[in-house]
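Each remark here refers to the structure printed beneath this line.
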Amino acid sequence: MTKRSWLTGSPAAAVILPIIGLAAAIALWWLATVVFSIQPYLLPTPWDVVVKFFDQPGALLSETGTSLLETIEGFLLAIVIGVPIALLIVRSVVLERLVYPLLLMVNSIPKVAIAPLLVVWMGFGQWPKIVMVLLMCFFPIVISTAQGMKSTPTELVELMRSLNATRAQEFFKLRLRYAMPQIFTGFKVAISLAVIGAVIGEFVGATKGLGYVIQQSGASADTTLAFAAIMLLSVMSIVLFYGLVLLEHLLLPWAQEKR
Amino acid sequence: MTKRSWLTGSPAAAVILPIIGLAAAIALWWLATVVFSIQPYLLPTPWDVVVKFFDQPGALLSETGTSLLETIEGFLLAIVIGVPIALLIVRSVVLERLVYPLLLMVNSIPKVAIAPLLVVWMGFGQWPKIVMVLLMCFFPIVISTAQGMKSTPTELVELMRSLNATRAQEFFKLRLRYAMPQIFTGFKVAISLAVIGAVIGEFVGATKGLGYVIQQSGASADTTLAFAAIMLLSVMSIVLFYGLVLLEHLLLPWAQEKR
Amino acid sequence: MIRLDGVGQVFDGREGRVTALEKIDLHVRGGEFVTLIGRSGCGKSTLLRLIAGLLPPTSGSVQVAEEPVTGPRRDVSFMFQRPALLPWRSVLSNVMLPVEIDKGSDRGKAAYRDRAHQLLELVGLQGFERRLPHELSGGMQQRVSLCRSLIRDPQVMLMDEPFSALDALTRTELSEELQRIKMELATTIVFVTHSIEEAVVLADRVVVLTPRPGRMREVVDIDIPRPRSLAQNAYVTEVAKISARLHALLSEKDSEDRR
Amino acid sequence: MIRLDGVGQVFDGREGRVTALEKIDLHVRGGEFVTLIGRSGCGKSTLLRLIAGLLPPTSGSVQVAEEPVTGPRRDVSFMFQRPALLPWRSVLSNVMLPVEIDKGSDRGKAAYRDRAHQLLELVGLQGFERRLPHELSGGMQQRVSLCRSLIRDPQVMLMDEPFSALDALTRTELSEELQRIKMELATTIVFVTHSIEEAVVLADRVVVLTPRPGRMREVVDIDIPRPRSLAQNAYVTEVAKISARLHALLSEKDSEDRR
Amino acid sequence: NGDDKGGQADNGLTKVNYLTSFNTFGREAYAYVALDKGYFKDAGFDVKITPGSGTVDVMKLVAGGQADYGIGDFTAIVITLGKQKLPVTTVGMIHQRSLAAIMSLKGYGIEKPQDLVGQTIADQPGSTNTVMFPVYAKAVNIDPKSVTFLPSPPPALPKLLASGKVKGIGQFVVGEPLIKKADPSHRDPVTLAYGDVLPQLYGNAIITRSDLAKDHPDQVKKFTGALLKGLQDTVDDPAGSAAILKKYVPDTDLAVATSELEIMKKYTKPDTFKGPLGDVDLERVKTIIGLLEQSNAMPKGSVTPDDVVTMSLAPKS
């Protein structure tokens, strides 16, 4: 019975509030550095970070671009690979039982530990980074997609069966559509992991990207530079996340939650 | 209209099939090392790894115990912190919009980059590791819980409202229960991340744990030892994952999916 | 007890507005049994939701017990058109839900439990107390929902097609029970039905709505002495006469209002 | 057309077994209209699901068109007790679903689209083609589901309380339409209803089931010439006579079978 | 995509992938100098420099064929080869004396080796500093067991030291300026260099794939020659070399890089050292292997000098 207020209703608020939230977070960070007089070599002030960024905005943005590209490529690859795996898993209990432990095994390997391996196999190019992104983020996609498809109401599954739908139709016309909100939840979890994957990939044998910058900053004990890179990563994550939210709103108008 | 076969129906199959799956994966791995004659310094054979493990099973198991403890502590902490945050987020759109970007920011920081920071702040004890686990795994828990609670059918929400339920009752008696399957999906994603979090935490300033073993072995190119540790991590992940699956079956008999 | 003044309801949809209700002026006295009939989609359920405080009216005012309605009230129970059972709760615990939610119960929990068993027996569900909703037939689910709406002996009962999935015999039995409750406890009842006969037999007054948008076509007083029965009784002819008139009223508008 | 021999159905639940159906022997000829009545929970929906091939019988055999039923058939349409609409599809595209699914359509898609519009107009839903299900009232949803089951002109129609949420007028109109379809296309129809009058008016034969476990109490032939109408007609007395008899049959078992 | 490695570029130059030992610290400047001044080009190479991530990773990448040449700490190379037979070999030295050291800050109470007793030292596990510590301890007459080593990855070390969480860290001597910079109050670092008491130990070495060394010795010689020429320039002109590094790696802190190179001078070419730059002495290699075996860093007899170095390719005067 609540009437929607400006804060919840207007589209402007949907943009302004997150920005206020971020601003508050940054203010808090700044306060922490002042109140606890945290040394800048541990945690620089937001101001330092901004100054550092404007030292060389072009260079940092181009590194961000590199990481962004890897992130998106790996993420898309994870979707292309993960969703069909989820389909197979939901389709066959036997397959699920055979494949899940394998997926879990791959997923539970600490990715930092295998970064050099990937470089040895795939060289210094984009590929080991993209594969790292893929490895980081395919699991949430698989598991959310599978779980979403499994939770399709029996009522609707029976409807499809009664219409003599093929298994493929059952999956594409019903289960996949039904699972969409949960798949998007998976995407939202995966996208941050994808960003981190790109960074980890860039720790080994890279000559560009934000991961390289972070690694690099160690060579000059430049904590502020590292944090500038980390902030850019955060911004990238946040932008990608809200990009997914937007996409969800556009694609799934029927799933707009009620509270 | 399918009658359940032995493969899908029996409880024995539920245990045997995953083991077959794992065995097949290991066979594949072994085959790969043989067929492509991959050098052991890149990828040891499963056999080497097993031998390495039985070199010092006691020591490795005790390291595993350390990591396991940190994982579970951090994971529980993530639940204790993450679920209430999700509750607040679902309760108030304003809060959601304010808090989400902050969560995203924290989540998108590459954890490897801040591991030293945690040690400097919290010393060499368990805490920085537990906090690392927490940081790694709270986000999937928050987002799945929130999304699950938001997707509660309007019909049931209206029922609770019509019964004049308080907001707290609406959340605990309805939304949280309804979201349970999705919360468990979040847990399943989170648990592997928790394990990885423990390892990353142990990379810095630890004297025990599997992360320490990996770090240790990396320095001396003892790839086989590193893989033995990684395999133990995988086993740990898999066991924890299936522990969650079991828990889900016990707690949510009504949500048993139909296919 | 219930007073609606110039109530209108307009829904904003993607595909344009739908005026569901227009200029509804209705006054239901305490202890009165009002039935609501009208063609499918004319706004009957919407009207109940307005009274229940689940929906704020677009125009006009709604009062219950001399107070403006701003949200659901403790003394009003709503039985929805769909059963709306919580899938994880047994039949018994679904029936007990309102008691659980209202902490300020005047009777002890045990007393309510007895009452629940009594109600379940009354509707023919003895032996099904511990089953889950998905194990019940459609009509059985509806009966559970009915028991739930009766458990707290509410002052005002809003019932949306409560007997639609029930067979003639059960219908007869339950309509007698409902009259008994009304007479014993002086409950005010607003009851939506598609069965004209049911409307006549149960009501003190029958309200006929026009098709979309729902306006009040006519209010018919029923003066037949209680208790009345859906089965053969002394007033068959009177019931038949009024039924015929209502039938005519429903059809009439059809030609008149469909512009 | 449809033949059941010694069919029985037992459900295994956590709380013990429920025998839903026992020793059902039924033969429905091609083009015949059979209505099924019985008390709520006696197994009517279960019987339809057996014929539709959605459930394998625990005992006995089910045949449709001389072939044993092993799964859903292309030429059988099932209208469920609940609307079962896909929430993301507009009204029109929900109605078109069976056409989309059956690729081997004999007519062109455009022809079906015209038919869909025609059906929606018939049930009074013109102007709602592009709305989503959650914007419709209960009865409107049921009508969409009805249109969906009619779109492909099936050979056999299984209808589970198709008019339960409809007002008297719409019911009358639609029951006439249904008879027209049956006569024109020689459709075989098995129709579940709780309205005895409806059962009599529509049926060539009425099958009366006993309460749980559902057994066949009696099969009553109806010889009134078609078309018949739910509204006043020349055979009022005959309808009333048979209705009374069926009423008695339903009540009778009540005392006899409840052991 | 290793299709370009070892291949002929359009300009007739041989394409070569080169890995620094760790990151792009000032101490790695010589490769950039050789690149910038055209030494590589003159020798017929088109070199791509990629920052490495530690000796073991560098060895794996070289062994795996992703890189042709790389830099690694010689002690770590020996230990690694003791554990696993990677197809890599050493073809020259960068530092004639080990850079390994324990580093502390003024005021932490560690001024001389004996002050280490009872302290906790943070270091990357398996680093030369950690592995050689027993040998070092023996040389300075303290009990190796009296010092605790706490494993931590390299990037964390300066922070741990500056924050006082540990009183000492394992660090290469050239890290001094960086440690000083990282410390908020810029206290002077105290360096206990192993090289001072263990002059036999080498610092970084140049490694290459075994088959490259075997099949194309001339090419290897030419490459090391060019690289060492760059190294010579860093000895001659640290500031200029740091400036060149900054050209390629803009984030370089010029002052830190310059002082790193200043310090590195006497380790690349100690005053007492008379041999050619990059020289490898078989006897010293034997001694190092012996020391490692002694300190239980690897089992006895697990490597011979031949497994580690290709003497025929080592620079001759």
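The letters A, B, C, D and E name the chains in turn, as written, and every chain counts its residues from 1.
By definition in this document, contacts are C-beta pairs under 8 Å (C-beta built on N, C-alpha and C of every residue); 3 or more make two chains touch, one makes a residue touch a chain.
Please read these numbers as outputs of a predicted model, since none were measured by experiment.
Peer 1: Sort the chain pairs by how many C-beta pairs are in contact and tell me the top one.
Peer 2: So the pair of chains linked by the most contacts is A-B.
Peer 1: Taking each chain's centre as the mean of its C-alpha atoms, give the chain farthest from chain C.
Peer 2: Of all the other chains, the one whose centre lies farthest from chain C is E.
Peer 1: Where centres are the averaged C-alpha coordinates, which chain has the largest centre distance to chain D?
Peer 2: E
Peer 1: So the centre of each chain is just the mean of its C-alpha atoms; given that, what is the distance between chain C and chain E in Å?
Peer 2: Result: the chain centres lie 85 Å from each other.
Peer 1: Can you work out the whole-Å distance between the CA centroids of chain A and chain D?
Peer 2: Comparing mean C-alpha positions, chain D is 49 Å from chain A.
Peer 1: Please tell me the distance, in whole Å, between the geometric centres of chain A and chain B computed from their C-alpha atoms.
Peer 2: 16
Peer 1: What positions in chain A touch 2 or more of the other chains?
Peer 2: Residues 1, 42, 117, 120-121, 154, 161, 203, 255 of chain A touch two or more partner chains.
Peer 1: Check each residue of chain C and list the ones that touch at least two other chains.
Peer 2: Those would be 14, 54, 71-72, 82, 132, 134.
Peer 1: Quick check: what residues of chain E touch more than one other chain, meaning two or more?
Peer 2: 60, 63-64, 155, 159, 163
Peer 1: Taking the touch rule as given, give the residues of chain A at its contact with chain D in the complex, in rising order.
Peer 2: Residues of chain A touching chain D: 155-156, 158-165, 169, 173-174, 177, 252, 254-255.
Peer 1: Okay, in this complex, where on chain A does chain E touch?
Peer 2: 39-42, 56, 59, 116-117, 119-125, 127, 203-207, 212-213, 215-222, 225
Peer 1: Report the residues of chain C in contact with chain B in the complex, numbered from low to high.
Peer 2: 49, 52, 54, 71-74, 76-78, 80, 82, 84, 86-88, 97-98, 100-102, 132, 134
Peer 1: Would you pull the chain D residues touching chain C in the complex into a rising list?
Peer 2: 11, 13-15, 18, 37-41, 44-45, 81-82, 124, 130-132, 135-140, 142-143, 161, 164-171, 194-196, 247, 250-251, 254
Peer 1: Which chain E residues qualify as touching chain B in the complex?
Peer 2: 54, 56, 59-60, 63-64, 76, 79-80, 83-84, 86, 122, 124-127, 150-153, 155-156, 159-160, 163, 165
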